[in-house]
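Two complexes follow with chain A in common, the first pairing it with chain B and the second with chain C.
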Partner chain A sequence: MDFWQFLSLSWLPPLSILITQLLNGVARSMLLFLISSGLTLILGILGVVNFAHGSLYMLGAYTCYTIMIYLAQDAYSFWVALILAPIAIAIVGAIIELFLLRRVYEAEGIMQLLLTYALVLFFSDFVRLVWGPQYRDVNRPEVLGGAVFWGKVIFPSYNLFVLILGPLVALFLWLILYRTKFGKTARAIAFDREMASALGVNVPFLYTTVFMMGCGLAGLGGALAAPMGSITPTMDISIIVESFVVVVIGGMGSFGGALLGALIVGVAHAFGILILPRIAMVSIFVVMAVVLILRPWGLLGNPLGPLTK
Partner chain B sequence: MKKQSYAKVFICLSILAFFIVGAFALAQAQAKKEAPAKAPAAKKGPIRIGVIDGYSGLAAVYTDDKLKACRLYVEEVNAKGGVLGRKIELIVRDDELKPDMGVKYLIDLYLEKKVDFCIGGISSAVLLANSEWCKNNKKMWLAWDARTDRATGPMGHRYLIRTASDTDMDGNAMARFWAKQPYTKYYTISADYEYGHAVVDAFKKHMNRLRPDVQFLGEQWPKFGEIDYTAYVTPIMQANPEVLYVGLWGGDAMTLIKQAKPYGLFEKMKVMCLHGGLSLLGPIGMVMPEGAYVGTNYFFNFVENPENKAFVQAYKDKYGVVPGDYSYLGYTGIKTLLEGIKKAKTTDQEKVIDALEGITIATPGGPLTIRKFDHQGEMGVYVGLTKKSPEFSRFLILEKLDYIPGSQIIRSVEEVKALREKAPEKK
Partner chain C sequence: MIESRSNWSWALGGIMVLAVLPFFLSKFYLHLASTILIMALFAMSFNLILGYTGITSFGHAAFFGVGAYTFALLSIKTNWPLVLNICLAPVTGALAAFVVGYFCIRLHGILFAMLTLAFSQIFYTIAFQWYGFTGGDNGIVGLPSPAILAWDKGFYYFTAAIVSAGVVILWRLIHSPFGYTLWTIRENSLRSSFIGVEVNWHRLIVFTITGAFAGMAGVLFAMLDHQAFPNYFHWSLSTEVLIMALLGGMLTFTGPALGAMVVTLLRYWISSYTLYWMIFLSLILLIIVLFLQKGIIGTITERMKPPELRT
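Up next is the complex of A and B:
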């Protein structure tokens, strides 16, 4: 291929394929965003690196499965599970925060890492104990079982649903954080906890609530992922690595960063597969390495610390 | 305030440390109690067999099936008075799919617990490590499942015996089936790790040999445990092959099938899942499309022989489900070992290995021969087509399309010899 051939872009796959692949990438991004936004929220406001976030995502998927089995996989069962699973996981989060995490805020960072990593091990065995080692599987709701056709572009309806839900959740979170008093105080705590506390902000209560929100997001991601593939006792590990990549690229504690990071990771992955399948897996780590070299605090992060803007 | 919380942490840690030390001491005391009580009685007591397999982690769903079938067979044998008048006792250990853990338990079982034989394994990495240890220590390892063709090929030795077909045999079997079909355009997708590459390489190698006119349009290498395959489906659809060869297994295969279905992938091309026994068809349930091609070592209604009839019935009675492909592997592995002991009339390992060389055993999947030269079992491979059955409402069953006997797909003695000659691992 000479230079002019390269410029004419004739080596690219047809447009319909490019569009499909872009949509696939963005849908994956949205799922990643839901999970990593919870991670970044907890990191930004509580300053805790929550290794157990992937485990809560897995727990969300299993909870979704159990609710759907309990409701005998009726037409509405998925929607009930989609609402109840995040709430259940948020409650699990509250328990973790109140009984475990709260005790180690004062300690060094390494203690928090140890604690959340211990939770990863705990939940991994817990899931095997309760649900067994088998792969679990739930059906997609009837309405979203098929695919949408638009010319030559084929797109599964379920992925379209995830693609729409992602930005809605992002908007909702942004409104809470930047347009409510709750959000304002939460950001104030992230900036200076002792000062906020001195001014009469109920810090412990806010910590619990924020942690619950983050866990709820992980649960929502898990419930959404359940009908996409299979539910396995090892799904926690595969997601947590990618979520950390997203958070590092986007900037620790930055919401917009999580969204941008997720979009970059999802789309880079999708086009990596299309153009250079052999090294597709590496593509997202290459992006991360470049970001770390050029902007170690992440694309939309703040060198002074999270959520200070 | 801060001091106090440190003190609390310290107290908590000391209590924790106390418990850990206590647990270790207890475990050690237990181990000591176990060992001397049983070691001297080894001559007269039961024949003790160590089972080392990956019971935690991704493979548990398969290893549990193997163990269930293994226990079933041992119960049957013990009910009839055991082997050589001695009962069989199983000692089960979890290698966590880690090579160092596999070797650790081998040492523990053979040298400390003085077991008579060791059997098991699903991970190829663990198999290679165990095999190396057994070679150096002249102890036997019977591999009932792990499939890397390097184990009995270039790295094979006297003390390794494998009952399951290897990656090269699996790839050869699939190539033999597809070479008879009119299709020429293929595409492959498999997980990006040792085993995933091995199955694709074997298929390509044999396909290119049998049908030089066949074209491979492309390949995809998603990571092991990928959650979203939609991005992989688009390039496959665009390349428009006639046959898609899927080397994924378990949850990965399930996820791919589920996500590819809305795209109409199964209508556009023939899809061949290398691992499609009941271990896939059971968990995926009715989502599995009809008319998909799958490979498997065993399916419960493929073989009509008294051995299989009894196996299916006994398994159903004990566990309430029909046996799957992995149940078959576990059953065949333990049966091979016990038949070898029977034939040798002793538990002396050297004599049992001699007895196993060239032995033919009646299994639920038909007769199985252990080749004398490399101790590789000549296990056959089936190709089936998924279809609905009025008898089973929760999963699809298979229609038998083809059976490739193990003797046709096993590498020739000359080929294995050549591989061993040039093996860099040779010492």
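Up next is the complex of A and C:
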């Protein structure tokens, strides 16, 4: 191929494929955004970096699988699972917070990290123990089983559903945090925990509730991801690494950053697959390396740290 | 302090035990002892960044694997002398650590840990998938070990000698101005930068040094088992090293060695009953985090102090 052939872009796949891939990438971004926003929520308000977030996502996917199998995968099983799985994971989160996390709030920072890491190890083998090492699959719900056609672009309806649900959840989160009293108190705790407590805010209760919300988001992400691909025991590590790349690119503690980072990572991954499938993952790391060199606190992050304003 | 009599007597006692051990152990347990020695070196060097500099790395197995695979690939694919291949392993380990560290060093805490994990995943994927270069998940088998060590106790003594040398190097490093600077950085990196310490430069250097040690441990392990597999790069090995250092006590010098012994023995024992070793590892980590935050040796040392000196 000579220079002019390269310049004429004739080597690119046709436009319809590019658009399809872009849309798929954005759908995946929405999933990543759900996970990353749960991570950011927990970090921003509790100051805890929840390494186990990926494991909760994985648990959400497996729970969705179990519920759907239990209901014999009939027409409504997915919707039931979509509601029940996040609730179940939120309950698991409550147990983790109440019995484990509480004891290490006052300890050295590394201990919190190690506690959540221990949970990652635990859930990793737990999932293998309960569901076995083989990959699992669930079907998409019938009403979302087809595809949407737009000219030559073919886009699976389920991905469209995820694409729409992502911003809706983001909006819902924003409404809770900025338009309700609960959200206001949560943000007050993020700002100055001692003062909020002195003013009568029930900090432990809020900590547990916010943690539950974050875990619920992870479970929702897992339940949504279940029909999109295979459910595997290695989902936890791959998603947590990607979520942290999202957070590095977007900036820790920032929701806007989580959204931007998720979009960048999802689209970069989608196009990476088009160009060089086996090392698509590396394209994400290249982006992250560039961000790290030019702007280490993330694109929308705070140079002084996540919890300072 | 360094040259005090008690330190010398401990060291001498340790060497005597190591020297005499092969005459009491069968071949299997000698193999286990060699494994423990290698892991002890790995864990103690890992503690250089964990306990002495305050850096948490989740991806150190990458450099272990780099060392092992350097030796393996050079032995299989080239005619270079064995000694050269062995010596090149820590060099490539250090190089890999330098490259990874260069990107990660701007971040602290959890982000740094996550990035090291991410990079080690890349190494793992390369080893696992790139059949043409690394043999993929078949691994590399049939590796040589030094011919003069054909005597079955020979490899144990070889390992013990190298590990002892490594420990001495670590000890000198820690009790040097460089080592004390690391401790300063651990205690308060912001304040150290105010008094003129180049924090990131020190962290990168010590990270590279631990990469070299990890590479050395990797090549020793490859020679012990005469093989190299992609799971030498896997994050589960990084976790085991981390837990070894923590369990023994990350603020002590010999703690990680004890942790290495306990974890390796536990792994062999538990693996004979069940596949799900990770769950036990996680329970150990949970116990450490909740109850034994100073590790075994750390807690014992703490208890031995008079009450007014305890933290």
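In the analysis below, the second predicted complex is superposed on the first by the 285 of 309 C-alpha atoms of A that agree within 3 Å, B and C clash if a C-alpha of one lies under 4 Å from a C-alpha of the other, contacts with A are read in each partner's own complex, and residues count from 1 in each chain.
We take it that contacts are C-beta pairs under 8 Å (C-beta built on N, C-alpha and C of every residue); 3 or more make two chains touch, one makes a residue touch a chain.
Just so you know, these numbers come straight off a predicted model, no measurement behind them.
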{"item": "Clash or fit (per the criteria above) of chain B with chain C on chain A", "value": "clash"}
{"item": "Which superposed partner A:Ile273 touches (first chain B, second chain C, both, neither)", "value": "first"}
{"item": "Which superposed partner A:Arg128 touches (first chain B, second chain C, both, neither)", "value": "both"}
{"item": "Which of chain B and chain C A:Pro296 touches, first, second, both or neither", "value": "second"}
{"item": "First (chain B), second (chain C), both or neither touched by A:Met281", "value": "both"}
{"item": "Chain B versus chain C as contact partner of A:Ile164, first or second or both or neither", "value": "neither"}
{"item": "First (chain B), second (chain C), both or neither touched by A:Ile237", "value": "both"}
{"item": "Which superposed partner A:Tyr117 touches (first chain B, second chain C, both, neither)", "value": "second"}
{"item": "Chain B versus chain C as contact partner of A:Leu175, first or second or both or neither", "value": "neither"}
{"item": "Partner chain(s) touched by A:Leu15 [first = chain B, second = chain C, both, neither]", "value": "neither"}
{"item": "Residue range of chain C overlapping chain B upon superposition on chain A, of 5-13, 41-49, 131-139 or 239-247", "value": "131-139"}
{"item": "Residues of chain A contacting chain B in one complex and chain C in the other", "value": "103-104, 107, 111, 128, 237, 278, 281"}
{"item": "Complex contact set, residues of chain C against chain A", "value": "56, 58, 103-104, 106-107, 109-111, 113-115, 117-119, 121-122, 125, 129, 235, 239, 242, 246, 276-279, 281-283, 285-286, 288-290, 293"}
{"item": "Interfacial residue positions of chain A with respect to chain C in the complex", "value": "49, 51, 100, 103-104, 107-111, 113-115, 117-122, 124-126, 128-129, 237, 240-241, 244-245, 247-248, 252, 278, 281-282, 285, 289, 292-293, 296"}
{"item": "Of chain A, residues touching chain B in the complex", "value": "13-14, 17, 20-21, 24-25, 27-28, 31, 103-104, 106-107, 111, 128, 133-137, 139, 145-147, 154, 156-159, 225, 228-230, 232-235, 237-239, 269-270, 273-274, 277-278, 280-281"}
{"item": "Touching residues on chain B, where the partner in the complex is chain A", "value": "1-2, 5-6, 8-9, 56-58, 60-61, 64, 192, 218-223, 225-235, 237-238, 250-251, 254-255, 258-259, 262-264, 283-285, 287"}
